[in-house]
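Here come two complexes built around chain A, the first alongside chain B, the second alongside chain C.
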Partner chain A sequence: MTSTLEHAAHTSAPEGGGLARRQNFLTAMIGGVVFAWLGWFLAHHFLDSSSRNFSDLVTTSLTIGWIFGFWLGIGALNGPGRWLIGADHTRADDLYYAGENQGRARYWKYCTDHKVVGVQYIVMTAVLLGAGGILAMAIRTELIVPGNHFVNQQVYNGFVAVHGMLMILALIVAVAGPWANFVVPIMCGARDMAFPRLNALSLWTLVGAAGLLLSVLAVGSLTMGWVVLAPIADQAGVGMDFFAMSIIVFTVSTTVAGVNTICTVMTMRTKGMTLARLPIFVWASVIAAALGLYAFPYFSLVEAQTLLDRNFNTSFFVAGGGGTGWLQANLFWLMGHPEVYVILLPAVGALFEIASVMSRKPVFSYRTAIAGMTGLAGLSILVWAHHMFTTGWAPTLGGPFMLTTELISIPTGLFFLVIIGTMWRGNVWMKLPTIWLFGFIFNFIIAGITGIYLSDIPIDNQLHGTMFVTAHFHYVFVGSVLFGAIAALAFWYPKVTGRFLDETMGRISFWLAFIGVQVTFLAMFVSGLRGMPRRYSSYSLIFEHTNFITTIGAYMIMAGMLVLLGAVVRSWSHGEPAGPNPWHANSLEWLVPTPPPLENFDVLPVITEDPYNYREELVRS
Partner chain B sequence: MAEMKNKENLKGMFATWVILTVVGVAIGIWGPARLMPRSMSDNMHLTILTMVVFTVAAAPVAAGVYAVTLHALRHWVHKGDNVPAPAAEQTRENATLTASWLIASTVLTVFLLIWGLGALAVDNGSAGRNPLVVDVTGQQWLWTFSYPGSNVQSPTLVLPEGRTVDFHITALDVTHGFWIANMGVQVDANVGTTTQIHTTPTALGQFDIRCTQFCGLNHAFMVTTGDVVTKAQFNSWLASQSQKA
Partner chain C sequence: MSIDTHAEHDAQGHGGHDGGHHEPPEVVDARQRMAIWLFIGGDIITMSALLFTYLYLRGVNTGGHWMSMVGYQGHSYAWFENALNSSAGLPSPTLIHVGTLSAGLNWFVTALTVVSAAIVWAAEKSLRATKNAKNYSALSWLAVLVTVVAIFFTIKQLHNIPSIFVAQNDSQTMSYTAYDSTMMVIIGSGMIHLFLLAFLGVGLAIRSARGAINGTKWFQARLVRLFWVWVAVSAVIISAVTTTINTIH
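Our next item is the complex of A and B:
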């Protein structure tokens, strides 16, 4: 298939174009390091070194230099720069930035093609999960027996903080990053995202933020959990400045990505693609993106205030200076709870899609699915203080927040209705995506029920701050979201690579991860019930057995993830060829060739019904 | 014939649901009291009872989802590399089912909510006319307990059985979490503010106090012990400590 763009390409010369044509990840790193050094140099030489904020100011200056240099080096500022001097991109420039005829090199570049960005997000997710996973293994290794043997407490505490934040970032992008970029525009019948350059910006900004976050480990780390509560954040070294800046930069990335997803779906749908005919995953992506636009500003705000406290003694969160740590906790959780659903909704949307295609039945009660996701998003902005039941803040609001929190179980229950209703008397095709879907159903029930315990204040007064909470949200994030993300990967992998994700290795990885999750987190529930608090670098002997079991389970999960990684890498070039529509689905991403050409469609399709009519298949592969 | 087969299938599903519900209820009744620390206060009794009630209430829901899922795995799956035929029933909506599901989950949620609000009201109820006030101070990485009206300051907590204790909690440096694992009471110790929580010890014996809010390097070692003693023992302990001080 030849796209209209490739015809146009003959009139342009992709070669030449000066320095801007040579920018890639390497120049971005060089730019980042050079400007970081410049930021350090200027602050170090011109600021008063006797000030008690000196090291924080120098660090903040360095991190600002890093991200500015990184943007400059990757080419993020080329477009706006050209526009400012009145020499906007030509068609040839746009095609160059879309990665035309650049083969694999484009994956290292500031590429505006949504499919390239999708693949870059897959890699980024793997990198973040990998780094967070290594830290998880270090944490569990430290906890395999009581006492500090493997790493010291300072290092351990830093691992806990960075593990938490790396995994949160990884899961925020795990489904939305790869698939809202790769498949959503095609599902809508669009040639690209609404703002292709912003798409590249969101990805490379995430890379810059990840660089800052990983640097935390190298600069003395952190002494607190991922929520970095005030006032203890004040006691942290310069690692805290890296951490706060990485979050601010990260929120730029999610904001840009969220705006892009919403605008693409609202404005770029092809003829006949009414809102009621959209694949359900598109709805999930839009709702999650909208929720992210609400939630993440709190995140950058709270970290900006932390930086201001540290750099300029503003004392927003310092009790002695008129501030309060409760303000930090409120702002953090105003972000922190909606964020859970920013993470969950895309995974659930993908699973609706998979349940339908694999069962050869329409999504059961499409409107209920949308109502459930919208209801969950709406409720999630009203529940933040359930994270603060035991802080002592506003005890009279305990009842109301308990009410909103428990109401969450109604829309969540609808997800089960939709998935089970879809599979009810279906012909459920047992392939890799379906297997992970079954795993999700099993784990998400446990995640949901343990959440109901914690929403109840008399129980929370006992279990808050214990390993029970840790086990609960790991059932959400690992058992449910990660399983959903892997199902989505297995489902759309053939569209990206033209090959199936290896079924045998995939199943081995499933069983290792599935059993590993039960072993790890059921034992962790028991640790919590028996009274073990979170974030302990050591523990008393009564928690010995359950911690040992948890560590063994954690190793199993890691083994499963390594097998999966092996399968992803191997199948990319050696997998079984899949053809353009291996699952015999009807949504648009399956009706374009594999891999989809630049700008996706030769002629934009006209839509006459939703993609869930399995009686009349549009294309047989 | 197909009708018959379907009916038989659903009987199996129903049986699975009943069995799994019984298992869930059994875990709910057996588990909390055995897995959680020994109850030593009225709050902890209520917490454990609430755990039991919630588990029993959740058991049929979880069992229902698992029964359908297991049934799907046994009867509705299609193995092999060829795509299965479209399902015989291409059901898109079932208003009755959706409405029943919504009503059932709402009723269950409202029940749990009413129970929870009731339990909360009991926990938050008045501390009575003559509570024992204990001032709790957290700092990196130790607890100090003082008894207003006496000059006693102690690194361990001694409480009389059967008398309501009202804890007034604060911190000197960073936020700490004051938690008596056997009594179901937990509240943060904040700098510059005093938080309160009360409970009535109902059993004699030792208990642990652990910090539940991350407080830096030695967070894991910010542990102390407490002892519930009889009223007479408590009074003589307080008197002996006062003389020492």
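Our next item is the complex of A and C:
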């Protein structure tokens, strides 16, 4: 079996590819800009400039042009075009699209190799987190003292909205993007994802959507938070059009990715890889993908309705025409709460893997873990209205929604039991992934317990819209999901690069981030308990000290993330060599060479036992 | 994980960039069928959300404006500009009621969609029975033609959605009631479906004419048929709901 790099040395470049030979990220950007200009130009010349909606129509036309041009430029439309005319890809074409013998250039192309897509997702996640993180620092700098004017209030509001959505998008893909692509097919014993071209489509569509979302910062005027509440969203400036279109495009990406993940796992498992032998991370990826398929159509529809209200004067959210903002709230949160678990489950699945491998013990109560994840996914679609307790919508349903929300704590509790049960009396290997895992456990307990408080209607009535809620969900997303994502990165990094993530820098990063999270968000809890509202660019003097502490903590988190970034970059070329199976794990991704060859396996393996059966010879000495 | 790397040589093959690992067509077909069902599942959620929107707005009937709006009916922009520029200004707006959209036209478009689905289904059955790809291509073109006609009438439906002129401060605009808004998005999503079917239909016709779909390679015909039938079913469900549950008495 040869590695990808070795393979490149003695094989001539494939002759296929056709138009794709001239397509890459640069042509995608050029295509996007040209077609965006074309959309702008056509709208300017063919639409009534006296219309109240003219600027929205021009913007929407521009955004449609952008995404179409981006797809055209990157090569996403080559496949459908060739299918249409019956000129299917040849083997040489497929090999070219898979990036064979193209070196690093393939990372800038519409590459179908799942491992390349996984690495592209790592970079994309880092870009999104970086952009969102810079905005977070700007927000915290504005709030370091009351009455600060680091940015003006409208810009601040825009920062809050774009920060929120960038981070949500980043965390949706933070684990599922890189690892459901890079390791899940290998874990199943497959040669690639079920639909390699759709795989590339999901990645590059996300890139296009991110471009639209970042454009909001340039045009401004998004002043209503990341949930873009109606009817304010109907009245906002053209930044809202960019925002809504970016979400619609993003949901295309997640839908395609979800279908691909499920089909890969359900139809491409190698012989002997029964469902009961699947690594637990694969289960988590499938459940999260299925939940995403359920949730994201609501997201897409609610943003489409916002666009229609703004562009064509429909009345979905306009009371004068029979609409209501509650419709937006319902549709948004029908997506919004399951989305939390679309984000969380892959991270939890990765942590189950890490707990097992690093403790040299099987996943404790494997079936309970699957039941917990499935139960969580099922319950998550029944809790959306707890976000609306204080809006006055359907007060009689408050009790049932409070109950379903509190029931969520049961499957969530199972996660703790599974992780702790797995590590209990294990020979725990305190390496970087394990350290981030412990950070997750600590933070997730705080996130979970404060969540139970907020699910209680009387307390929610007091705390809704305060910084307490902000602190709660940051414990979920930063303290838990981000820690889980970094643990997964540290765990599978050697499989991607052949090198360990720098242990020393990783530990420095961990302690900065861990202490930073506690300083930032515990102080933020106090601000919230004292009544400080969210999304305000200034505040009363009574919140001065806690906000100062929060900002200092946020800088610590930033410092930790910068150290981590440094570790990732440095270790990529200078890290300690890791070999193909540095953790002495049993799942298939560790049993192939590093980096894995183009199609993962020369001969497909036949599985005869589960991946957590650690034998003596594999136990770390 | 215990594995035996000597036993099996490629039971699975490869989905995309075929490195010499060929997969049996039925394996690829099963995978693609699952994908189509999952996409249909996503589409079912979208349809449910559309119907939720429709029934919810009808249910809450905010301000009694499900099918009405305060404004002016039957006037052009020019009329508004003149009125605003005149010394008298605009007259007092009145409550304008809109009627339901044509149920006949709605069902006609639905019927066309069902007919096109029936043609595609019959074509596929015929292909599998007779192995006659030319016949299949011709029937696919016929299905495309029916779909294009359906698109034409869908555009007519959109054109027929009544708007109400509303004066806001010194500008006038054209607005749609909640009923009209929901119908616009429902009809619009139907049109997107029809465009997609037209694309797939053209693909089937060309591919079968070029031999990419034939009596032995009919899997893609079945995949497209599955989606086509779902679109027809969803059109029937949506038409049934929107033509029977619309006005508020």
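Please note the rule applied: the second predicted complex is superposed on the first by the 596 of 621 C-alpha atoms of A that agree within 3 Å, B and C clash if a C-alpha of one lies under 4 Å from a C-alpha of the other, contacts with A are read in each partner's own complex, and residues count from 1 in each chain.
We adopt the following convention: a residue touches a chain if its C-beta (ideal position, glycine included) is under 8 Å from a C-beta of that chain, and two chains touch if they have at least 3 such contacts.
In this text, all values refer to a predicted model and were calculated from it rather than measured experimentally.
*Asks:* Touch test for A:Leu604: chain B only (first), chain C only (second), both, or neither?
*Replies:* second
*Asks:* Looking at the overlay, does A:Gly531 come into contact with chain B only (first), chain C only (second), both, or neither?
*Replies:* first
*Asks:* Which partner does A:Gly413 reach: the first (chain B), the second (chain C), both, or neither?
*Replies:* first
*Asks:* Scan A:Trp583 for contacts with chain B and chain C and give back first, second, both or neither.
*Replies:* first
*Asks:* So, A:Trp326: does it touch chain B (first), chain C (second), both, or neither?
*Replies:* both
*Asks:* After lining up the shared chain so the two structures overlap, which partner does A:Ile449 touch, if you call chain B first and chain C second: first, second, both or neither?
*Replies:* first
*Asks:* Could you look at A:Met423 and tell me whether it touches chain B, chain C, both or neither (first, second, both, neither)?
*Replies:* Only chain B is touched by A:Met423; chain C is not.
*Asks:* Residues on chain A in contact with chain B in one complex and with chain C in the other?
*Replies:* 319-320, 324, 326, 613
*Asks:* Under the touch definition given earlier, write down the residues of chain A that touch chain B in their complex.
*Replies:* Result: residues 153-154, 157, 223-225, 229, 231-232, 235, 319-320, 324-326, 359-368, 390-392, 395, 398-399, 402-403, 406-407, 409-410, 413-414, 416-417, 420-421, 423-430, 434, 438, 441-442, 445-446, 449, 452-453, 455-459, 461-462, 464-466, 526, 529-531, 533-540, 583-584, 612-615 of chain A touch chain B.
*Asks:* Quick one: in the complex, what on chain C touches chain A?
*Replies:* Residue positions touching the partner: 1-19, 21, 27, 30-31, 34-35, 38-39, 41-43, 45-46, 49-50, 52-53, 56-57, 60-70, 77, 163, 166, 168, 171, 173-182, 184-185, 199, 202-203, 206-207, 209-212.
*Asks:* Under the touch definition given earlier, write down the residues of chain B that touch chain A in their complex.
*Replies:* 6, 32, 35-37, 43-44, 46-47, 50-51, 54-55, 58, 61-62, 65-66, 68-69, 72-73, 76-79, 83-94, 97-98, 101-102, 105-106, 109, 112-113, 116-117, 119-120, 122-124, 169, 173-175, 177, 179, 181, 184-188, 190-193, 195-197, 208, 210-221, 223
*Asks:* So in the complex, which bits of chain A are touching chain C?
*Replies:* Residues of chain A touching chain C: 50-53, 80, 83-86, 88, 91, 94-95, 97-98, 100, 112-113, 189-197, 255, 258-260, 262-263, 266-268, 270-272, 277, 293-294, 296-298, 300-301, 304-305, 308-309, 312-316, 318-324, 326-327, 330-331, 334, 586-588, 591, 598-599, 603-611, 613.
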